[in-house]
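Inspection log for the structure reproduced underneath, given as structure tokens.
Should a chain be cited, it is by its letter among A, B and C, assigned in written order, with residues numbered from 1 in that chain.
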């Protein structure tokens, strides 16, 4: 039939797009792009069943559809709600949405350590981005934060549970990308944690992808050399001939050194498709073992546009980093993220004394020097 | 841990409640069973054995065992007083019961007596609010608690241990 | 004495067992349905009866059954929700303990209407002895030919299994219950899809409360129209109320939904008044999740009308001055009780029971609990009260399942009606540790605004 291909028209923040039936509000909004796309901390396009949990992507449905234009009484999770023809959605044009989202961000932060200055993820952390837009100046939470010891899940991956926002992405990744899952969510409620129960190391060939899907710095790469702030490193696209995966990766380099290898990500921070059209998950060998520039054929600088901290371009010929975070952040006020005086290890270090890149090595040396 | 043929038959009976291939549904009842056979708690060995019986990954068992409050992940005292402290029980004096147990045994919620005989826990509503104050003791409920009843339960716990 | 449809025979000696139950007229509804009615005709009677779900939400049962998807070749399931964990609620336990065959009879009839060949009772693990009672009853029914293949020669097959939970209030939420029945953590599912389309093992499923299913028996026996004659308006039939707190006679009562709250609370037939000659301060009429009401708003609505034990009357006034029927857990508080402390225990309950999947509930419930404990312990600030209000407001409506709302409402209602008591805790911290705020004005007659002539 001719109308088989009928597209749905949906209006989000006064901008109208046409999408295939079965598209979620979030995907429709991403089609429009920019601020119209709600932030998504738990949904991940490439992971079946993900989404619905973090509640940062809540939007208001002002009209359900052309056929039934009644508004939906509650805000809905845009990642798990499909569009209807003629639907009218409000994201940043809704005060209710902004209010609720501020609330969600506050909830996510009350138990978050705010140790961004020493976190590997700083600069590419979705929670950091989110709190710039929605965080309040000071926390209203006056109680002790929940803490967990950090520990290693085998030789490759470190878990810093205190930072975890329980998005479940790493659990779905282990289920769907590797065929054996050894870690999961244990306990319940505010005691929930990502863990293996008895010490186990995660070693499946594709388990390293959990690092890429983690929206915060809870799962990090133990082989990441020098633990550089990402904005001092230079991402380039590269590939190799790999018998396990596509070999299409992103290298994070400083000079000729490969500091870290990750999958290539799109503007929403999600793993891109490969040149063959498959999801670009990479294997552990590419990620953790190939740390020489000679292992790779370098294609050129990666195109990065969403995570503005990285795209500031400070990595070009960086000899001396800017000493205040505000400058590094492109003039944006750091707000609570960089409440350095609250953060344990960094308290002991005067940042201005660091010569050269502010690496964890330099922190260690400075501390020793004191 | 390894079940006798007789116990394995009981496991098979549990699994028979569900359609072919849905044996994971037997996990909650089976964990209750394994816990009982394992002296009242779930060791990691016991959980791994459960996973084996149901042909599922051990993490699937850990995830479930840590979610539900009736599974003990550590050994417990011989007699465990689980006193309900939610609103309706509080209105009828559950705090007094907890205090009285402290007076008699010197243990606060979460503690076990030095001789390992008694453990005191506070728990949330057990669905016996009209018979408050109450506690769970093993598989049974003890309701309309009074100081005299606590004395009797303590005596009972001591006799049982001998 | 009001009519009783469910518990009228519960105290007959031996009724727990099949022979006596059958002698007293048990299993007639199964005979009638299987021999003389089509499955749809049974559903039709339930629709006519106006029966509303007794688990808390009060959704019309017949309509719910009508939504069940019936794709060719896919099994359908009936799951009975016997998780009963809402503080103040202990009615299903009573029914199952004393007259288990009523539930089983209702299940067979309902399974026939829904086309469920395997039905489950999901019972909270702490009710272990009740699980054993049910298992005995199921076996008796099986032996007597009411379960199994080709029941009464009708061609209908049905079996029933009892599944224990293991300690998790959230498994009372129907999709969490289904997850739990599949052997998983009790994380509520994100809806849609609804269980009526994709429930247990991905198949169409109806989840109903114990009392709802038991009510199917009198509905089929006497006809939906007869049932609908009982009660008032859309609150048809009888309702089990579990009454607890500071009343003279706590227990489970079957009421016809046509009596006033005052009669229920003070008559000797039911609660027998407040214990020890004290005065009523406040009441949570429908289980811990529903708004608390001060005494004066409990007995009369803001319009000055007598408040009745019906769905409509209990919610008259909305959240501003009303409450809800909920699960029928009636919690009364006398003049010596502290609303702040009680609210704190409920907040602690919800924090303990949150599955932890979604951020507002996982983080917000714990935050509220901590602030409430501070206030209760005389360490609160005035601004904490507003902060509490703001937190509950940001949880409500923004979570995956209604547990978030259930955690927010009690806090909101306590602040709404008892703000002076919260403030007193802040301004008199030393006193707050020693004594209670007392009755204040909570029982004084309401001033009803009369429209100007």
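Throughout what follows, contacts are C-beta pairs under 8 Å (C-beta built on N, C-alpha and C of every residue); 3 or more make two chains touch, one makes a residue touch a chain.
Just so we're clear, the structure is a prediction, and the values are computed from it rather than from any experiment.
J.: Write out the two chains that share the greatest number of C-beta pairs in contact.
T.: Max contact pairs: B-C.
J.: Measuring between Cα centroids, what's the chain most distant from subunit C?
T.: Relative to subunit C, the chain whose C-alpha centre sits farthest away is A.
J.: Specify the chain with the shortest distance from its C-alpha centroid to the centroid of every protein C-alpha atom present.
T.: Per-chain C-alpha centroids compared to the overall one single out C.
J.: Measure off the straight-line distance from the CA centroid of subunit B to the CA centroid of subunit C, and report it in whole Å.
T.: 25
J.: Distance from the CA centroid of subunit A to that of subunit B, rounded to the nearest Å?
T.: Each chain reduced to its C-alpha mean, subunit A and subunit B end up 40 Å apart.
J.: Which residues of subunit C are in contact with two or more other chains?
T.: Only 168, 185, 352-353, 355 qualify.
J.: Which parts of subunit B, given as residue numbers and ranges, touch two or more other chains?
T.: 60, 63, 67
J.: Can you list the subunit A residues in contact with two or more other chains?
T.: Within subunit A, residues 185, 187-188 contact more than one other chain.
J.: Would you mind writing out the residues of subunit C in touch with subunit A in their complex?
T.: Answer in residue numbers: 168, 185, 190, 351-360, 362-367, 370, 387, 393-395, 397-400.
J.: For a test of understanding, state which residues of subunit B touch subunit C in their complex under the given definition.
T.: Spelled out, the residues of subunit B in touch with subunit C are 17, 19, 22, 24-29, 31-32, 54, 56, 60, 63-64, 67-71, 85-88, 90-92, 124-132, 136, 139-141.
J.: In the complex of these two chains, what residues of subunit C are touching subunit B?
T.: Those residues of subunit C that touch subunit B are 75, 84-90, 93, 118, 120, 124-129, 161, 163-169, 180-186, 201, 242-246, 250-252, 284, 288, 329, 331, 333, 337, 341-342, 345-346, 348-349, 352-353, 355.
J.: If you look only at subunit A, which of its residues touch subunit C in the complex?
T.: Per the stated touch rule, the residues are 51-56, 58, 74-75, 77, 80, 99-100, 103-104, 106-108, 110-111, 140-141, 143, 165-166, 168, 185, 187-192.
J.: Which residues, counting only subunit B, touch subunit A once they are in their complex?
T.: Against subunit A, subunit B makes touches at 44, 47, 57-60, 62-63, 66-67.
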